[in-house]
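Below you'll find the structure, written out as structure tokens, and then a few comments.
Labels for the chains are A, B and C, by order of writing; each one numbers its residues from 1.
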Amino acid sequence: MSAVTTASQHHRKAAIGAGASGALMLAPAVFVLLVWSVVPLVLTLWYSFQNYNLVDPTLHGFAGVNNYWYLLSDPDFLQSLLNTAILVIGVLVISVGGGTLLAVLYDQEFVGRGVARVLVISPFFVMPTVSALLWKNLMLHPIYGVYSWMMRAVGLTPIDWLQRFPMLTVMMIVAWEWLPFAVLILLTAVQSLDAEQKEAALLDGAGPVARFFHIVLPHLSRAIAVVIMIETIYLLTIFAEIMVTTAGGPGVASTNLAYLIYSRALLQFDVGGASAGGVIAIVIANIAAAFLVRAVARHLEV
Amino acid sequence: MATVELKSIRKTYTSEEIIKGVDLSIESKEFVVFVGPSGCGKSTLLRMIAGLEDISSGDLLIDGRRVNDLAPAERGLAMVFQSYALYPHMNVYQNMEFGLKLAKTPEAERREKIMAVARTLQLENYLKHKPGQLSGGQRQRVAIGRAIVRNPKVFLFDEPLSNLDASLRGQMRVELATLHRRLGATTIYVTHDQIEAMTMADKIVVLQKGIVEQVGSPLELYDCPRNLFVAKFIGSPPMNFLPGTVIAASEEQARVRLASGQEIVVVAGGAQGLIGAAVTLGVRPEHVRLGHAVENRGSGQVELVEYLGSAAHLHVRMQDGALLVIQTEGGVRVHADDAVTFSFPAERCHLFNSEGVALHRRSSGRMAA
Amino acid sequence: MAGQRARGKSLVIAAVGWVVAIWIFFPIFWMFLTSFKGEAGAIATPPRLFFVPTLESYHEVFQRANYWRVTFNTLGVSIGATVVALLFSIPAAYAMAFLPGKRTRGTLLWMLSTRMLPPVGVLVPIYLIARNTHLLDTVTGLALVDMFTNMPITVWMLYTFFREIPVPILEAGRMDGANRWQEITRVLLPLATPGIASTALLSMILCWNEAFWSLNLTSSNAAPLAAFIASFSSPEGLFFGKLSAASTLAVAPILAFGWISQKQLVRGLTFGAVK
């Protein structure tokens, strides 16, 4: 059978005029994506060197690196970078770590496993604004929230989570959204693990812990790479959750790069400054992407 | 019906030449089989004829017309794939109908043709079934039916039976041969199954690494392999090869001394110039005779006996250590560790020079009946 | 003895599995419950698990002038973006899966990398372009942006699904006389329907839930559900009942979609890296 697939793999390349019509079919998508990725990029770069404020037409002309200088020397900016890093890394650790454990858990046979699984992956399908408001109001509201009631019920004083620990709380909300995604992918990966391989390890006398580290985890590596890649794409630009819960505050305690750029551009109308932030966001994303795409590409058979 | 002609056909992938200049002419109604080891380019050659693969250089003529640049359907061919490649979303009827529909055949005519083919292939009761609901043999028949309905000038088969189990394969082989006789269409058939090649072919083309090693009828290849490669490839179990030296030669015969010191007389011409040269003696297992003989004698010890029912294969270790396979009738009373003597009939032995090329034999047809 | 221990172990697993599942799902469950409590019941302390359900909150949501409009905006954006993205992606994925060349791998990875471009990085120019082309706060504008952002993903997913289709079947079509167009429409598409359907589904889900561009490029006119819900975040709009009802309405269809199609979604989402 494998001989057949390799042969057909070879013969994937079709005959007559393959090159030309292939290029023709590829062209529209490539063109659209090229425009989409290059035009805004160039414009962002252009604006970032301009004095440009939407409400102050007198201010215009070449700004040199002023926008960057201004941004880099702004403590808010450094705070937002730090917050972005906390958010990305924190959520990745929680979702990949928790996701792996839960994937192994829900790979076990137990009563109602199918239903439990569906419940666990559900938050992934909830839109960010809903998730954030659910947590902000129904769960964590210092007076009416369920968690506050539970704290009172055991004799504790309820905490105003979003005021006291804004970044941590936003991180938990985002983790709640993305943990299910990790479970969804990793569970599928765990289930694709060859039963015979597990049995062989069992016969070799490997305990559950050894099996996890020597069989399951290596098997999951490519799935984990995919999870990290996709989540990073989204986590770098978490926005809605912050906007509806803390609006970046108190102060800039929960402002990440995305929210900072938004507030510069659409609240303060500082196009130049926001664009400089955008360029920095793109640079950061590209650094992350360079690692991630390469890591994932290694796992892909194209 | 249709002739197919290949003129120095070549195929190059990126840098590698896969087909290195194939010349071949296929007569109308002929059943031609391509054989050769895996990766030798059989499928590539077939797919170039089909039009699924570009021809890098050379000419492909069908009925004398150059078709290199025609689309597959315009060449008037039909192909049966190893994996059947039925359309899973269409039922049997629709599978056969698809090509006719694309060719804009009128509905009534389509129905008539499909029903006729279905009758021939005993598929009448399955016309409403999807491929997924059919057995391997039935799917194979549908694939063949799909090829037949379009009434092609040339049929192409790429290992059509290799996904079937042994008994079904035998049955389908007979059906295919019968079908070919009835339809009389030119057929090109790729396989690496010996038996399929020997039983079905009018003409066998032996390929190796993109080169045609020999073209001929099954018996020609069996009796007069042109070189060591063909000799090894055709025949089952494969021919025995024993190294030796020519010590005397006449116009029609050569005397060869084997490593064991035994001297064997072989019917082979043109060995006069090779006296003292190293050669390879080839003899097919079924041609070695068990028992005492005056000439061309050999002896050894049986290591293993494989009983196949109608025949038995004795694996004999000769005195010089060489291993020889002898095929005898199934009822032979020989056991492992027995000492046996045997003989090589002079007219059944083959002689190959140091380049592996067979020395000419005087007569080329089949010898004694 | 051993049997008892095994049973004990599986009981523990079941208990942990269920507790975790309920804990994770609880906010959604609570939202659903609260949506039937009415405004007063929604903020009752202690929170009530049992109560007389009322549709009061739903009535109020439906009455809010823009609810239906918002829903239609969301549908328009999701369907529009998905259909157009597929129109571009299907031929591209076909070409890459069935007519690969030397640059195919590079093209695929490049497409993926365009998805890595952070939306915030290009927020300003996109906003200004949208404003200058009068696409700001229009369904078309948002649908276009959603299409662009999702296209790398739809191309990848389709590519993954197409690669699973045996090439000989397409070749058989070619032998039967199908031209490229017929090969795609009569042979490939019927075979790829499940894959295309789950790609469309994922694209719908991503568009439906997309919040960044929705919040930044729309306001009263073209706001989709994601932006509409955000309007409940203002302190003066703090109505738990209505928030829950509107959220339930916004989330329920996608949740149902997701539950039904989770298996296919995974296959596409992993880009074939997980079998």
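Convention: a residue touches a chain if its C-beta (ideal position, glycine included) is under 8 Å from a C-beta of that chain, and two chains touch if they have at least 3 such contacts.
Here is each chain with its UniProt name: A = Sugar ABC transporter permease; B = Sn-glycerol-3-phosphate ABC transporter ATP-binding protein UgpC; C = Carbohydrate ABC transporter permease.
Worth saying up front: this structure is predicted, and the values here are computed from it rather than measured.
Ranking chain pairs by how many C-beta pairs touch, which one is first?
Among the chain pairs, A-C has the highest number of C-beta contacts.
What chain lies farthest away from chain C once each centre is taken as the mean of the Cα atoms?
B
Taking the mean of the C-alpha atoms as each chain's centre, how many Å separate chain B from chain C?
56
Distance between chain A and chain B based on Cα centroids, please, to the nearest Å.
59
Indicate the whole-number Å distance between the mean C-alpha point of chain A and the mean C-alpha point of chain C.
Here chain A and chain C have centroids separated by 15 Å.
In chain A, which residues are in touch with two or more of the other chains?
In chain A, 8, 11, 14, 18 touch at least two other chains.
Chain B: which residues touch two or more other chains?
Correct list: 51-52, 71-72, 82-83.
Counting only residues that touch at least two other chains, what does the list for chain C look like?
Where chain C meets two or more other chains at a single residue, that happens at 166, 168, 171, 174.
Help me check something: in the complex, which residues belonging to chain C touch chain A?
Touch residues, chain C against chain A: 10, 13-14, 16-18, 20-22, 24-28, 30-31, 34, 42-43, 45-47, 88-89, 91-92, 94-101, 104-105, 107-109, 111-129, 148, 151-152, 155, 166-168, 170-171, 174, 180, 205, 208-209, 211-212, 215-216, 225-227, 229-230, 232-233, 238, 240, 243-244, 247, 250-251, 254-255, 257-259, 262-263, 265-267, 269-275.
Can you name the residues of chain C that touch chain B in the complex?
It is residues 166, 168-169, 171-179, 182, 186-187, 190-191 of chain C that touch chain B.
Going by the contact rule at the top, pick out the chain B residues touching chain C in the complex.
Within the complex, chain B touches chain C at residues 50-52, 71-73, 77-79, 81-83, 85-89, 98-99, 102-103, 146, 150.
In their shared complex, at which residues does chain A touch chain C?
Within the complex, chain A contacts chain C at residues 8, 11-14, 18-19, 21-26, 28-30, 32-33, 36-37, 39-41, 43-44, 47, 102, 105-106, 108-113, 115-139, 143-144, 146, 149, 153, 176, 179-180, 184-185, 188-189, 192, 222-223, 225-226, 230, 233, 236-237, 239-240, 243-245, 257-258, 261-262, 265-266, 271, 274-275, 277-279, 281-282, 284-286, 288-289, 292-293, 296-297, 299-302.
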